[in-house]
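I'd like to ask you about the structure that follows.
We call the chains A, B and C, going by the order they appear; numbering starts again at 1 in every chain.
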Amino acid sequence: MVFFLEQLLNGLNYGLLLFLIAAGLSLVFGVMHLINLAHGSLFMVGAFVTVGVAGWSGSFWLGALVGVVATFLAGLLIERLIVRSLYARSHLDQVLATFGLILFFNELLRWLSGGTPLFSPTPDGFGGAIEFFDGFFYSRYRLAVTVASLVVAAGLWFVLAKTRAGMLVRASASDPEMVRHIGFDVRLVGAMVFAAGAALAGLAGVMSGPLVSVEVGMGEQVLIIAFVIVVVGGMGSIQGTFWASLAIGLVDTLGRAYTPVLMGGFFEPRTVASVAPSLSAVLIYVLMAAVLIARPQGLFAR
Amino acid sequence: MLLLFLLLAVAPLGLEAYLLGELTRVMIYGMAACAVGFAIRHGGLVSFGHAAFFGMGAYCVLMARNAGYQDALLVWPLALLAVAVLALVIGLLSLRTGGVAFIMITLGFAQMVYFIISGSQSLGAADGLPLFGRDTLAGLSLDAIHGFHYLVLVALGLVLFVMVCLSRSPAGLALRGIAHDERRMKALGYAPKRLQLAAFVFSAVVTGFAGVLAANFYQFVGPAYLHWIVSGELLVMVALGGIASLSGGLFGALILVLFEAIFSEYTTYWRIFLGPAVILSVLYLHKGVHPAVERLLGGRDD
Amino acid sequence: MTEAPLVVRDLSKSFGGLNVTRSVSLDLKPGEIHALIGPNGAGKSTLINLIAGELRPDSGAIRLNGVDVTGLHSEQRVRSGLARSFQVSSVLKDFTVLENALLAVVGRRQPALNWWRSTLSDTQGVEEAMAALEKVGLARRANAKVATLSYGERRHLELAMALALKPKVLLLDEPMAGVGTEEGHELTELVSNLRTDCAILLVEHDMDVVFALADRVSVLVEGRMIATGAPAEVREMESVQHAYFGTEDVW
């Protein structure tokens, strides 16, 4: 029971982090019809910058701040220099150019970091675990990340649903002509969405730092999962992205926790030990296949 | 085109083994890249999952070796059959939606194949396994690079010949039409999905063939074959070589290998230059480097 | 007696809350040219798309030569003898004129699609394609790339492709849109000659053309079919004049 609760919280935590990444991807696609492979790189950059600055200054919080700001600025810069010329291009061109960005960022960080994984310390005051009830301990830092992600997700929802800026973003997605008509610069909206998406991915990277090893290639792991989320949730539907993120986070986490247990009932321990890890790793892709069969346009597409 | 083939044919006479090997490698990756380009030209299918087929071909060689089979005449056709089945399944699922989702879904399924195979202990898991010598061809040894070079050359010629025929056939013409305007082709009575699936499977099988050859070339099989970055690099080759011609991928492979040879002289982190080069070529050389060079030389691009 | 080549019954379609097609019924008699007129945004293109199978109706039925095709995909309808042209010219620009026509010829012969022999070595196919091009006067440009054609020539090619499908029912969505008077006359002449081959549903704005060609006219206003009849009759109907033309006489 305690194990289940812990895994459930872990899954939620993972799902919310995934949402921060997938949200930017989905918005950029919805508003600008751009497929951005380099989105995962921004996640990676966020994590690396935080570790770097935290290590240099001794303060996780300064690292976190710099990490988010840096990814936001990187997003602006990338949009201005490269992505802007890609909106009108084929998806193939978009894929290629943003793949070029991945190569660049990966190699740059491999060079700077020397290629070894880095470990980010947990920020002061968030170490250890808290006791929810008798015998149920949960990592204080994970809990904080979960809460923070929830707050950011709620904030994103609020901005999109309730503010003028959000209305403009939604209008740019559905009817850019109209937005131009009422005197707004759709390109500016696009740039802001792109940079905000970058900062969200960066924030996810910042928060993930202490939870995973910070290494080159971490961006593409989450990028591919974010793609699965977008496909499962439905292209361009932010609500779909949210629920799909949670679903994928839970399926992956619970799958990894319970596949060995479930298999243990049927197979020898040695078989379980060798098959279970890869079996649980493919669960989310099986989920994607199932969605494609049942509802190819995604669970939440209109 | 003919000139290149002539060069490849006389190369073994003059080159030392290492350089000859590089050329053989160009042909192998070129074959895979041509296949990726074929699916783009014929059916408009931008696949970011061809690493799965490349790797599947390679791993089939390993599996056959594990089972004690080593002759190309038996092993290779079976390998291609296995790749075809895999491609059929992935293609059926990925083609259920259109457009950008196809890119994301093929990437997702390729990642799934990566996890399954790289998690298998008998296939060397994350480390891969050496092959200890190449497959034999009807009992003939292919271990000398010269013989293998010619074999690959013949295979490449054959593949390109088949591609030309397919491209000129009514089905190929229809597929090119689908790449341009799917709706239009439906109005002419074509069922795009069926044709696209056929093109996808063909493209995958050729890529798998390249994987089979690659496994024999390196005499080693490992997860690197299946890594998503292979899919990206194949697309880069297509773009560098230009999608306008069937053999574009071959030139792209040549360019990429030359690029690596030149820049890895200066730094191990040569991809830091490749990324920006790819971006620049996408932004400024619409049809790839090779057509641009031909235009400079006053040739025609087709 | 056999049923009309095309029968449309109570077809309805809405996009979100917008009812674009409201319970539309229509018959196309053998060998007739049936003009579909109506103001911009009346839902004419939508109706064509519904009949062609590119859109799914919310309700209603479509029958082609007595066979219910409501549930069929557009490509299946093509093989049952339906062809269409697009309002915005959509011939394939990177191909030659002949290749475009060949695509149509081959499309009709599906599903026995050849994967191996060169398309151009299929003499019978090439002949058929050339015949279609001949009909629209494009035979001499057969080997030109479509990108080098004038807009009017592309509209001709669009027609040739529809013809190469040898349809029983032909849907033409503003085939003369955007061409000059000279070419307009040519196209009008052309369409008039097609009458013997197939029944035609023609969306057209130019009333002179409608008058020159149409055996019957239907009027679509805000998704509703408000009148059908001989051109002269329809013109006189008060409801039509009111709904469509206001009070002004634009004829």
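Here is the rule we go by: a residue touches a chain if its C-beta (ideal position, glycine included) is under 8 Å from a C-beta of that chain, and two chains touch if they have at least 3 such contacts.
Since the model is a prediction, treat every value here as computed from it, not as a measurement.
Peer 1: What topology does the chain contact graph adopt: line, ring, star, complete, or other?
Peer 2: Graph shape, chains as nodes and touching pairs as edges: a line.
Peer 1: Name the chain with the Cα centroid closest to the overall protein Cα centroid.
Peer 2: Centroid comparison flags B as closest.
Peer 1: Identify the chain pair with more contacting C-beta pairs: A-B or B-C.
Peer 2: Top pair by contacting C-beta pairs is A-B.
Peer 1: CA centre of chain A versus CA centre of chain C: separation in Å?
Peer 2: Distance between chain centres: 48 Å.
Peer 1: On a C-alpha centroid basis, what's the spacing between chain A and chain B, in Å?
Peer 2: The mean C-alpha positions of chain A and chain B differ by 31 Å.
Peer 1: With chain centres defined as C-alpha means, what is the inter-centre distance between chain B and chain C in Å?
Peer 2: 43
Peer 1: Find every residue in chain B that makes contact with two or more other chains and list them.
Peer 2: Within chain B, no residue contacts more than one other chain.
Peer 1: Please output the residues of chain A touching chain B within their complex, sorted ascending.
Peer 2: 29, 33, 35, 37, 82, 85-86, 89, 91-93, 95-97, 99-108, 110-111, 220, 224, 227-228, 230-231, 235, 274-275, 277-279, 281-282, 285-286, 288-289, 292-293, 296-298
Peer 1: Help me check something: in the complex, which residues belonging to chain B touch chain A?
Peer 2: It comes out as residues 40, 46, 48, 93-94, 96-97, 99-101, 103-105, 107-109, 111-112, 115-116, 118-121, 228-229, 232, 235-236, 239, 243, 269-272, 274-279, 282-283.
Peer 1: Which residues, counting only chain B, touch chain C once they are in their complex?
Peer 2: That would be residues 165-166, 168-174, 176-177, 180-181, 183-192, 195, 198 of chain B.
Peer 1: Considering the complex alone, what residue numbers of chain C touch chain B?
Peer 2: Residues 52, 54, 73-76, 78-79, 83-84, 86, 90-95, 99, 102-104, 106-108, 110-111, 113-120, 122, 125, 161, 165 of chain C touch chain B in their complex.
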